[in-house]
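The chains carry the letters A, B and C, assigned in the order they are written, with residues numbered from 1 in each.
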Amino acid sequence: MFTGAQVCKIILKKNPSKLLVLSRTLCVLKGHIPRRSFLYIPGNEERKVSKATGLNSDCVVLDCEDGVAANRKEEARNTIHNLLGQLSFGLSEVCVRINSIETGLAEDDLRATLTAKVLPHSIVVPKVETVEHLNWISDRVSSIFKSRTKRLGLITQVESALSLLNLRAVCQHGTSEDRPFRFEALVFGSDDFLVSIGATRTEDVKELIHARQSVVVHAKAYGLQAIDMVYINFKDPEGLQAQAEEGARFGYTGKQIIHPGQIDIVNKAFSPSEEKVNWARDLVKVFEKQDSIGKGAIDYHGSMIDMPTVQQARNVLRLAEATGRK
Amino acid sequence: MFTGAQVCKIILKKNPSKLLVLSRTLCVLKGHIPRRSFLYIPGNEERKVSKATGLNSDCVVLDCEDGVAANRKEEARNTIHNLLGQLSFGLSEVCVRINSIETGLAEDDLRATLTAKVLPHSIVVPKVETVEHLNWISDRVSSIFKSRTKRLGLITQVESALSLLNLRAVCQHGTSEDRPFRFEALVFGSDDFLVSIGATRTEDVKELIHARQSVVVHAKAYGLQAIDMVYINFKDPEGLQAQAEEGARFGYTGKQIIHPGQIDIVNKAFSPSEEKVNWARDLVKVFEKQDSIGKGAIDYHGSMIDMPTVQQARNVLRLAEATGRK
Amino acid sequence: MFTGAQVCKIILKKNPSKLLVLSRTLCVLKGHIPRRSFLYIPGNEERKVSKATGLNSDCVVLDCEDGVAANRKEEARNTIHNLLGQLSFGLSEVCVRINSIETGLAEDDLRATLTAKVLPHSIVVPKVETVEHLNWISDRVSSIFKSRTKRLGLITQVESALSLLNLRAVCQHGTSEDRPFRFEALVFGSDDFLVSIGATRTEDVKELIHARQSVVVHAKAYGLQAIDMVYINFKDPEGLQAQAEEGARFGYTGKQIIHPGQIDIVNKAFSPSEEKVNWARDLVKVFEKQDSIGKGAIDYHGSMIDMPTVQQARNVLRLAEATGRK
């Protein structure tokens, strides 16, 4: 979401005559959906899905994939088809995660989802490894919708070595204009990724630092949100909090979760702290005052502050405003 | 080696009708050669080569390159040519490391190696930086063998900044069907790499984390083994063990060594611990029981376990079996 | 600068008949300019620019960009135009940083700079993200100079996610023969980069490890210098020193600074220590003695030393010599 902000920054700072472009950018920012907490709910468990309507998770992801056993796939897809039309999820965005394309199950999942009385906001597609996978999605979505209006958001998962190597091509292809979906976010599927490279999870996930940071860079280069790995031990809130906060510092905008008890911790980690909001407000004020009298590098409590830091502060204020609505 | 396992996973989990493909994959896995310990022996030192026949190193690499002084190159190549036909290395795989292509020495090294009475299993080519280097190898191997049967394994070394940037192209080119060799592994040549980027080695090798993890990702995306950096201080077994265990956690399948005293530590580090094997066996049992009664996400001692974790456990059991033979 | 050294190494070691090429490489190395300290001075502040003539910074970068407020841009460019012809900066290299191309200010900055009575050694261009940006620079430089003689050095800044993804293409394009500039260095603009990916700076800059190391690999693959991030707190010399030393260990050859008080610390961090120079001299001596009697792997105080380590030692001696001149 900072890509729009970046654009604003350059425009505002250097080229006031381009205000027309700026206002278009702001429209895009207004439409931004926070996805701090990205909660999976097994699609076949009607009770859990119903319960999710009362949760304050930014996203509720009705799952057809790893959370559903092989002999429950049909049940999950039918349950999702029916409940999408019956339930209201309040301020949460509703997504459906279909099975991966290679399984042969994805087409039926997609048809059940896209023929529901009420569409989900986005579909989540796991194990997207190639441009051909994106083309498969485009073809199916177009054939079901029979038009190229971008009614559907697309969120893809990076879960293998090959997926990481192809990520640039996938981002470029998926964000081009003539797709029948809006490409919105990348999800880092760390567990499948670990298996793919034969690595072993450790507490500080040092073994994933290259992949985890590389996913953020790709997402942000193409204006996509980046949703971080699952913290698997749902009985360890401190561990969850530490990993969520690190993900936020790395540039992730949200985190996958597997239990409702993880929502508040994750929402907090991906929201700016009150202290940070105060710092941002103060710094922006100091900057605007010194800038108006023509000083370049700003002295702020002994540190030299320049435009990138000012822009970081402005991003903090923007995020605070967006998530304050909830 | 986990690429085959990955394939199995997808097939087993989602598409039982593809069992034909699965059995072919299992054949590939059966043919897998463990390369936990990758021991260099100077090719001109006949006494050391002979002694290596009694060692339990997974690979014995008869070296023409950095372990051999400039005025001993001819001697090394002749010694290797003769000893390949005379000695038996037991369960160890025998490899020959030739000099790099740019030196002008590689052609003679290769001819001496490939005209021996008994062929090595694989050749190791240092400083492979471009697709042109692979083409050079293809041409020479084809001209010596006069046929395109894949009798020879190929292991290449990543040792420079340019080599890392070209690694994807090299992996793609080298694994295509019509090469006269079987591309089997990437070796991370950290010392030359450090020189190439002007970096300085430290105890925790933080300066190499990007390159070291990037090599693993490339290897695994193309079904290759990944063989980690040398631990240079051969009188520090604790340091060796720590670095070897970290390499294993990162996804490396083996490690280069320069002294027989390093073999056992490295073999152990790249084998699963008894504790890990027990964990894997138990987890797979719990999973199969819950899966058979249709539960999706599995509760295993308070953690939510899904398919990737199950697959990690299965990989542990497979590796334990493969290395248990020795 | 180690790329030339690398070339030397391969040639010296393996192919003495190529001494002709070697001597050409040595010429390149002789022309090498140390850029350990890379000090920004706001171009509109005449007093600070004049004061910079007496500093021992390797580079003095007269800034039109982030150090200059929007309403001082014209003043900065005129001041630089005039002072370039009037002042002598002693042994320091003089560079001019123009505004980024997207701002619409770069053309006037460039014209003012390149029509000065005395040219700067290099121009620094921030936010270079694409090959098109390089083409823009080529076109403007050619049209001002009306010839393709490479009179001007070019240093570009990597400051966004997209810039990092395009870095290989930019390096390849910029180092090709028919450019009207000499591409000399990459600067890691960490603060804008953090904003671009939405990350938060921490003390140990773990959030930047992927980008920071990736920039070094790209630079060194194309024979460019790599200039590290700014340490923003100019009242914390210990923090500066630690970060500068880490940058040097990562392979960076210099560091951006924003205050004259940072020069000595940074010059020292990017120069080899006396201890290191002594180690290098001793190791090279031991190596040359053992190599002359035909020993391959060298035993040096219990460690096996091979060519890469010897080459590292030689690089240390070469850097000591180059910076000893100052």
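The working rule: contacts are C-beta pairs under 8 Å (C-beta built on N, C-alpha and C of every residue); 3 or more make two chains touch, one makes a residue touch a chain.
Computed from a prediction, not measured in an experiment: that's the story for all the values here.
Asks: Specify, for the interface formed by the sequence copies subunit B and subunit C, whether it is same or different in terms of residue numbers shared by both sides, with half as the dividing line.
Replies: different
Asks: Tell me the rotation angle, 0 to 180 degrees, that brings the C-alpha atoms of subunit A onto subunit B, to the nearest 5.
Replies: That rotation is 120 degrees, given to the nearest 5.
Asks: Find the geometric centre of each of subunit B and subunit C from their Cα atoms only, then give the gap between the two centres in Å, rounded to an integer.
Replies: 36
Asks: Which residues does subunit A have that touch at least 2 chains other than itself?
Replies: In subunit A, residues 209-210 touch at least two other chains, as defined above.
Asks: Write out the stretch or stretches of subunit C touching subunit A in their complex.
Replies: 42, 44-45, 66-72, 99-100, 102-105, 160-162, 164-165, 189, 191-192, 194-200, 202, 206-207, 209-211, 232-235, 258-259
Asks: Which residues of subunit A touch subunit C once you look at their complex with the stated criterion?
Replies: 1-3, 5-6, 9-10, 13-15, 168, 209-210, 213-214, 216-221, 248-251, 253, 291, 294-297, 302-309, 311-312, 315
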